[in-house]
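Here is the structure we will look at, set down as structure tokens.
Labels run A, B, C and D following the written order; every chain starts at residue 1.
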Amino acid sequence: MTSSAPMQLGMVGLGRMGANLVRRLMRDGHRCVVYDVNPAAISELAAEGATGAATLEEFVAKLDGPRAIWLMLPAAIVDSTLDALVPLLSSGDTVIDGGNSYYRDDITRAQKLAESGLHYVDCGTSGGVWGLDRGYCLMIGGETDVVAHLDPIFKTIAPGIGTAEPTPSRPADAGGTAPEGYLHCGPNGAGHFVKMVHNGVEYGMMAAIAEGLSIIKHANVGQPDRDNKEVDAETTPLRDPWAYQYDINVGEVAEVWRRGSVVGSWLVDLIADAFAASPALDQFSGRVSDSGEGRWTVLAAVDEGIPAPVITTALYERFQSRQLGEFTDQICSAMRSEFGGHAEKK
Amino acid sequence: MTSSAPMQLGMVGLGRMGANLVRRLMRDGHRCVVYDVNPAAISELAAEGATGAATLEEFVAKLDGPRAIWLMLPAAIVDSTLDALVPLLSSGDTVIDGGNSYYRDDITRAQKLAESGLHYVDCGTSGGVWGLDRGYCLMIGGETDVVAHLDPIFKTIAPGIGTAEPTPSRPADAGGTAPEGYLHCGPNGAGHFVKMVHNGVEYGMMAAIAEGLSIIKHANVGQPDRDNKEVDAETTPLRDPWAYQYDINVGEVAEVWRRGSVVGSWLVDLIADAFAASPALDQFSGRVSDSGEGRWTVLAAVDEGIPAPVITTALYERFQSRQLGEFTDQICSAMRSEFGGHAEKK
Amino acid sequence: MTSSAPMQLGMVGLGRMGANLVRRLMRDGHRCVVYDVNPAAISELAAEGATGAATLEEFVAKLDGPRAIWLMLPAAIVDSTLDALVPLLSSGDTVIDGGNSYYRDDITRAQKLAESGLHYVDCGTSGGVWGLDRGYCLMIGGETDVVAHLDPIFKTIAPGIGTAEPTPSRPADAGGTAPEGYLHCGPNGAGHFVKMVHNGVEYGMMAAIAEGLSIIKHANVGQPDRDNKEVDAETTPLRDPWAYQYDINVGEVAEVWRRGSVVGSWLVDLIADAFAASPALDQFSGRVSDSGEGRWTVLAAVDEGIPAPVITTALYERFQSRQLGEFTDQICSAMRSEFGGHAEKK
Amino acid sequence: MTSSAPMQLGMVGLGRMGANLVRRLMRDGHRCVVYDVNPAAISELAAEGATGAATLEEFVAKLDGPRAIWLMLPAAIVDSTLDALVPLLSSGDTVIDGGNSYYRDDITRAQKLAESGLHYVDCGTSGGVWGLDRGYCLMIGGETDVVAHLDPIFKTIAPGIGTAEPTPSRPADAGGTAPEGYLHCGPNGAGHFVKMVHNGVEYGMMAAIAEGLSIIKHANVGQPDRDNKEVDAETTPLRDPWAYQYDINVGEVAEVWRRGSVVGSWLVDLIADAFAASPALDQFSGRVSDSGEGRWTVLAAVDEGIPAPVITTALYERFQSRQLGEFTDQICSAMRSEFGGHAEKK
């Protein structure tokens, strides 16, 4: 993880992700100018070697031209930040949106910034709270020469080629940056498009793992003393209780799947860790949020006419975890009551 | 609804379905001997013209041979009832299971009864609480001559040909009883197999209607004063609130769909009625039961290797309405917490 | 089906739907001026009593003000038709879009027409090729007084209250037009919104019925002589072949479900007819089109955050019927080949 | 990967999996007696140091008592092999089924073998063709002391603790073998139960990845020269073609996701390799087999009443890839033809 050419980068937004990007960049010799609406976040990084700026004006003034400015902000405030920032910039400067913007906004923004001679790069950033040490997977959209110019920055942020075994069938001379963990995916929006779908895939993988572990957890439903909410006259009894007598430790199952299995994955690593920390997961009520990318992935699938039933089902499973299907369920209960006189079970 | 040949039928099980079957049969001139564990149920029907029997022995004694006995019982007590009943019967008698037995049990039972010279008929009965006046749709499995012998019974119970317009492409001389509303589907188990799948289809249709009405109900999510549980920093904001400003009366939508639309159906009739009786459906919490047939339909689809994603999804939607996916959801929340430091939203 | 106040209506678009609307209106005493790009379509209706117009200009001229003009056109040409038509109209005129426009286009168009003092009504029209006799279910969006003014037109086109039994719980004095088969759903776009979701529901119901009949059709997979494409070393053998020995006539099943069953519906009526006409359905290869509304329904569900897994699954099932998931499947085969050395089965 | 106590193991079934297990065991100092119906497979391993046996009798004779015999066979021939093998064994011997048997068969077999004083261990083995070097993840069911006795065997076959980073929250003194990559899950059947669900999870993860890459592949559907099979009058046109103009290299996307991303997983490693070897994957037609475990996982979910929509959807997606939904689709087309006069598009 050593880049040949140290650069200067300005970072706007010093939340966990932004701050850790700065740290990872400084570790590798890059110089960072940092700004946040929260002065304490600036002081903290200044103490670690960054150049703090108290205002956007000061921030811009401290950056050498042509400037490279990375925004690490909630998607909802990117546009207002750009409104304040753009008038301070000069032709040839580049703004990188490293957050989770909708890729269509990238296309619009890039066109607008181009009118002022500014460049725009969208960069989907995956890695979560572990990225400082593990590196971040970067999915990048923008003009080819602009992205190439920023290569030392991306190379530092990405995990690096040594963090996974080489892909056997990949020719040694295949080139490209993908084995480093960053990829120029195409013109503006392409980076966030790929990151969006990445998150859709993440939803599907998470749901598959979670459903499986849940099926294993409930492998004891045939036990006579099982506290079964569902045993009553209206529910069909389990026909083969003898086949569901297992008390299996799902945390240990997650741990064993980490090595040598086909489902081995970082998500399995993480859930093994969660079970190790909290075997019953009882600090979680099971309300699973979704933060946009999953929804957009489904919209893209439908627009493209490509079936995406697994990803979509995983999204809806999250909606249902938050009781958003309640009216649908009430209607079904009402129909059952109408045709069969079935009262709801409590 | 007039059968040419009045018959005698014994009915065991005088719950709502069993009692109404007896009434419908007596209205059409058939004679009924009735038995139930609840003496009041016997008295009530005796007062309407049925012959009551206080014990199974008396019940069997009052039936002319070869006997025809209809069981209208919860699936869970059919076998124990047969254990008590069969020793009292004579070779050539027929037992009809009109409840919701699993079709595989029909195959087993028929084989067992045959050893005593008894006949067994499985009869899936659809129509719910409305069947007394509307007639019941019957899906029948059993030996051809045995089913044929019972034809007057089935003909009376079924709705009759006049209850729907003729199928235009069906030849006038096509014959068969399907246009009357009853069908001999095949050997033992075939009746309950078709009824089982019927209920699976029912699950899917119900879910489709319910989901659609729910989408219409929530066509107002773009309104600024909408009490939106989901508006906060982590959730992506609605991009086009102007497109979700409608307050649509879903009860009236159900009513209008009853006439002339492609989705016109008895289920739409019923949900229109439910909304007319209770516009907010607030007596229903949305816990939707499933009573076996939907599960068995999925098992059959998987065994056959036939994709049934809609029916299966509808079944799982019912499971989720009863929070049976809670552990799955906790696992997903735990993974989100691990990789992104996301706390659950309350 | 008698309206108290005959009106004049102009119809643009004389395909099957437009022509039959005109016929149904004329039968009830309304006067129609008709236009189409195809002169033969005009002549045919003129011979039946309509007033033909050879050009849009002539069409507009023959209509009394304030004009009421119904467009029955493919969604893709509504805007270009409006571009030609609007300049010919006068303030106070009303244009009704009776086709399958996206409801968001209705909102835009209504705003644009309002600038010229024109009114716009969106009217989702269900009923297909059967509507001439059966009536059409109408879901209407627009200004209240404008929709009210057109009431005699809608009343004639709709099936009428006598075409279904009254909803039992609906108070006799409930009022409203829904029991006639037409409904003013809300402001502009609300009509097509409800029609859009109606079609989404239709997709789900169709899929549920089709999956169920397919499971019944394949209830013979346990037969030893079954031509089973799937029997080979890699596929798990059926564990209970004895339970899948049924040859069930699915056309007769569809027919029997038409009367008294919970799944009774117009769609079941139609598939019974299709089987009566063609027992093997062999003129159909199984490529199921989708025409927009299903996709838009899914987009709305995702935007609203309402789970719609059954409707969405039905949409994807159509995509898959057209092999649009082929690349997805190739990727899965490639992964299987990588980890297990599994060659694809032919 | 060094076991403290070398053991002797007999292996029946020298396909790729069985042969590689023997090699991995011998590398670690264990002695193996090998048998297969194919003499060449025996000779090959004998040349590498194993003791070959030409018949089952010879095989049994060459094993020291109490014997440990591993079966690595297609599930369909396990029972017939046991029928031949069991009479040759002595009380106290143990048979391990390392293949993909249905866990219910394990329960039955264990009971039957116990009658002869024999022990039975079920061992789900994941790792595919890569396991020789990478190790195999083992999910084990059986009596505690019997499984403990075989520990050196399992320890050698499993990947070993060093093949993944430690789980941070797992206490150093947690103990257990899961971090080595093998786990005693519970009594007989528990091993194959966990392996079965593992494969269900695998189906879901594969489908999520494949769907996502397919959505990325088709991010160019808005390009005017795109060879779009779907452009015609009946299909709704893409509303935002400008948003689907990307030509993204999906192979490079898979490669970049291997490092630092949330979806990082062995399956992503494998598909990156597949794309590196064959960028268009054109040797795959997309007929995705399923080999039993996915089906059984769905049956278990339904029996337990646990929603598993993602795993089930992935299974049905495989069915659909093999055109098993064809009749369902024909029925949908037939309904569309009935109500709308829609001919199928070719």
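Definition applied: contacts are C-beta pairs under 8 Å (C-beta built on N, C-alpha and C of every residue); 3 or more make two chains touch, one makes a residue touch a chain.
Everything numeric in this text was worked out from a predicted model, so none of it was measured.
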Neighbouring chains common to subunit B and subunit C, by label: A, D
Higher-contact pair (C-beta pairs counted), B-D versus A-D: A-D
Longest centre-to-centre distance from subunit D, chain (CA-based): C
Between subunit D and subunit B, distance of the C-alpha-averaged centres to the nearest whole Å: 39
Mean-CA-position distance for subunit D and subunit C (Å): 44
Cα-centroid distance, subunit A relative to subunit D, in whole angstrom: 28
Residues of subunit A whose C-beta touches two or more other chains: 128, 207, 209, 211, 213-214, 218, 230, 239, 262, 266-267, 273-274, 295, 303, 305-309, 313, 316-317, 320, 324-325, 328, 339
Overall pattern in which the protein chains touch one another (line/ring/star/complete/other): complete
Contact footprint of subunit D on subunit B as seen in their complex: 262, 295, 298-299, 302-303, 305-309, 312-313, 315-317, 319-320, 324-325, 328, 339
Complex contacts: residues of subunit B adjacent to subunit C: 103-104, 107, 126-128, 131, 134-139, 158-161, 163-165, 167-171, 174, 176-183, 185-187, 189-190, 193-194, 197-205, 207-209, 211-216, 218-219, 221, 230, 238-240, 242-249, 252-253, 255-269, 272-274, 276-277, 297, 300-301, 303-311, 313-314, 316-317
Subunit D partner contacts - residues on subunit C that touch it in the complex: 16, 74-76, 102, 128-130, 206-207, 209-211, 213-214, 217-218, 229-230, 233-237, 239, 266-267, 270-271, 273-275, 278, 281, 284-292, 295, 309, 313, 317-318, 320-322, 324-342, 344-346
